[in-house]
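Each of the next two complexes has chain A plus one other chain: chain B in the first, chain C in the second.
After this line comes the complex of A and B, so read on.
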């Protein structure tokens, strides 16, 4: 290789690296803004801040409205996580070993809600729940979030089950064990990590979603992101940064737990 | 009747047979999707055929009035046009950047790879509220970006990036970027690096080997990234309401206002269905253009 080519390659390398680290910095920037401004002093959110204090954290923990939103978010998140994990794992297990019409038609239908604007799903469910008189806000939002979380669980489990050695299950069956026992003792221990990751991702997706939750909220029940959104309509308050810091922290913990169970690459290829 | 008897026999066989477990496993999911997705959409279609009412959300009836109102209104035409413009702009920018970033993540290893992938997964799992409002102090007329540009002497007086079109596009690109990166990355991660090495050994420069070997390999991922980014950007709500001015009103914002403030259900339903139809046509067109066939969306 000539001298000129070598130096051109080196220049390309530098450009390439500078390019993706710049993007990396831009991606992380809003998260840094959120974190830093949650510790700021003063009424109006400013970045970089002019002073630091814990006043907004104190205000958060003293606010009955915010704490009740946290409770609502947790109830809905756990509900959506449990429901979508059960539906998704069972459905995925069925589709895995079946070639019935239903098993072929179902996956694209499950996927569809992820591709529709959340505003449209929100409006569709709002009209539907009003029509059939199903007005338990918790259940309404759990259903909406389950529509989104189920495809994630379903497709993560598809790839987990694809790696599972089905001969093991058949061996269990041949030895005369009931299907439920085979599932519990043979299948589950092998796919436990995948199920756990699915449940964590489903919880986080529900916790962070706000558009459907906004359509379906009621006076008594609203989630944390919805309340954050409503407060932002009146003013850009650092209190929202406190809440956002908590929301981001939950996601970071979720990602780290999942990465520890599998690894970051595995997660990136399946989400 | 013989017909129903044989049907029961068939059902019995099914339930006793190998597939029986599968039927019971899949039934709850199928019932859920039917009850909370398929039927609600049929009700939405029915709702769009009711008449708007002065008092209450709708007047039961059977009319195309809501559709006529949407087509006749200049306001709605502008909203839809703007939503599509935003969709195209955000999609082009994010797919282009995502191809680069996904390739960087594919090539990296060790800690660097984990960091790059972490930076994609974290925003993916962060609420839209955080992803949009955090740009406001950065893009405001007296914000960080203006300070930097003024300090460098690039501009003479502050520019209002947000609220405005620049802020809206940046916010929307930021929202869809992680999805676009992952769609491309999941395809790239199955690519054999030796193919690229071979092209280079045969004398292809690195940019050329990227364009002629990597990009064609990544095409299915690029197609999925395009469709996902486009679908989400046409339906943009959070970015334009948080980072746009009045001129950046999208159809999703109008639907929110129709449903939650004006209580006009039929018009909201008609507007959504027309928008979905338009999105479907454009998405299928893009897929056909990029992959030469329809299908392949299923692997997202």
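After this line comes the complex of A and C, so read on.
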């Protein structure tokens, strides 16, 4: 290769990287704005901020309304996470290595709620729950979020089970273990990482979801995004930036925890 | 310990018939090899025996008990998988004790029995190892111990030696044989390797297209194949096209592709003049000597020139040209009468050693020679 071609290749490489990082920065910029403005002084959201203070963080932790929204979000997130993980893992397990009609029909049906607009699901569930007199707000939102999170768990587990060595299951049954014991003793220990990651993803999805939670909220129970929206309607204070920072932080921590779990699995396999 | 009876066993996957009405009896304590090329249905048959596949039709009996509808965890069979399928994240001894744990055997007792089993397969010093760190041969032994630990009525082996290198495979064949003699359990061993089957088996069942083509003691099957498929599958041989020129009292005189009329002892089998035959000249039955001139042809000998010499490790294979047709024979490396390309040789045989097959592959005159 000639010198000219080589320098040309290098220039293209630099241009590509620069373009890539620029795009990345543009996408990430709003998050930075949110993060920075959460530390600002003064009553109104401005960017760039005037001065630094932790006053909005203090206000957040002093607010009974916000803390109760955090509690509601966590309760609903954990509930939706547990329920969708159980349903998604079992559903995926059911269609493994099967060529029955159910195994062909189930995946698209499970996917369906993810393709419907949340407005439609939210409204439909609101009417439905009212009609049947099922008015526990926690459970209502948990069911709504489970509808959304189950397909995600299902498809994560599909790829996890695709890498599972099914001879192990056969060996377990062959050695006298009933299917439930095979699942507990043989399958689960080998897909634990995938199950935990599914649960984390489901929790984050529930935590972020706004539209269905909006429809199904009640006077006493509302999630953090819903409260953020209502308080935004009255005034645009930096408090919303604080809340958003927390939501972003939880998501990032979730991803990091999953990555750490994966790495530990990976490490454990090599030790 | 128990006998096994398969009757009318069928397995279909959609339009594909993997096992096609198979009947098989395995005696109590016998070591039976299911031998066949890949895709012949031998593994499917084994999996139906273990309950890991449900037959489309037919019955499985273990001892006198019908088990066709029993799930694998209720059958007292145990399988050694081709991939060995050792449980990762469980130590070697936990793997071996797994079946006993599922049976509700107490922890102390199952550890003790697992340890004994590991001693039998000479893996006693690897008790607390992680199975993923073991070599192929060691994994194979642990898998064997795990299956034997539950004292199965029938041990099923699904090509467990096929992932090992040649030397280790041959060593394990002998050890398997010894372990079989020691535990006196019925073994059903699936393999595509005819040497392995000959080394291991009390009897060999050769499968072809989802059914058993022939079953018998190794020597019996080798000496007396029922079909061209078996003759070709059990070893390399010279198959020569021929036409029946004349029917005689002891068999036929066949006009071969190398323009020599040859005596074939087909007895009084129903063949007529003009029938096509495949005649098998097994290389180990051929006598070869160097000669001058090419006038040695006869009813049980031909003369030709050696054209190719192939070194195949411990043996040398020689190809003799017989006017376009070739016959090969083999010698050990370092044999006294080494031939070389260009030598003119006379190849002769005992007419009783030739095997003839009809156009449909069936043996002609079996049992008459």
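A few points about this structure:
Operating definition for what follows: the second predicted complex is superposed on the first by the 248 of 271 C-alpha atoms of A that agree within 3 Å, B and C clash if a C-alpha of one lies under 4 Å from a C-alpha of the other, contacts with A are read in each partner's own complex, and residues count from 1 in each chain.
Keep in mind that, in the parts below, contacts are C-beta pairs under 8 Å (C-beta built on N, C-alpha and C of every residue); 3 or more make two chains touch, one makes a residue touch a chain.
This one's a predicted model, so the numbers in the text were calculated from it and none came from an experiment.
With the C-alpha superposition on chain A as described, chain C and chain B fit side by side in the combined arrangement. By the touch criterion defined above, A:116 lies against chain B but remains apart from chain C after alignment on the C-alpha atoms of chain A. Of the two partner chains placed by superposition, only chain C is touched by A:171; chain B is not. Contacts of A:47 after superposition on the shared chain: chain B is touched, whereas chain C is not. With both complexes placed on chain A, chain A has more residues touched by B than by the other of chain B and chain C. Of the two partner chains, chain C is the only one touched by A:185; chain B is not.
Judged by the touch definition given at the top, the superposed model places A:150 against chain B, while chain C stays out of reach. Aligning both complexes on chain A leaves chain B and chain C separated at their closest CA atoms by 7 Å.
Taken together, the two structures place residues 268-269 of chain A in contact with chain B in one case and with chain C in the other. Residues of chain A that touch chain B in their complex: 9, 12, 16, 19-20, 23-24, 27-31, 33-34, 37, 45-48, 86-88, 90-91, 93-95, 97-98, 100, 102-103, 106-120, 122-128, 130-131, 143, 146-147, 150, 154-155, 179, 201, 204-205, 207-211, 214-215, 225, 228-229, 232, 236, 240, 244, 247-248, 251-252, 254-255, 259, 264-265, 267-271. The residues of chain C lying in touch with chain A in their complex are 50-52, 71-73, 77-79, 81, 83, 85, 87-90, 98-99, 102-103, 132, 146-147, 150.
Against chain A, in their complex, chain B makes its touches with residues 19, 21-23, 25-26, 28-30, 32-33, 36-41, 43-44, 47, 57, 97, 100-101, 104-105, 113-131, 133-138, 143-144, 174, 177, 182, 185-186, 189, 206-207, 227-228, 231-232, 234-238, 242, 252, 255-256, 259-260, 265, 268-269, 272, 275-276, 297-298, 300. Remark: chain A residues 165, 167-168, 170-178, 181, 185-186, 189-190, 268-269 touch chain C in the complex.
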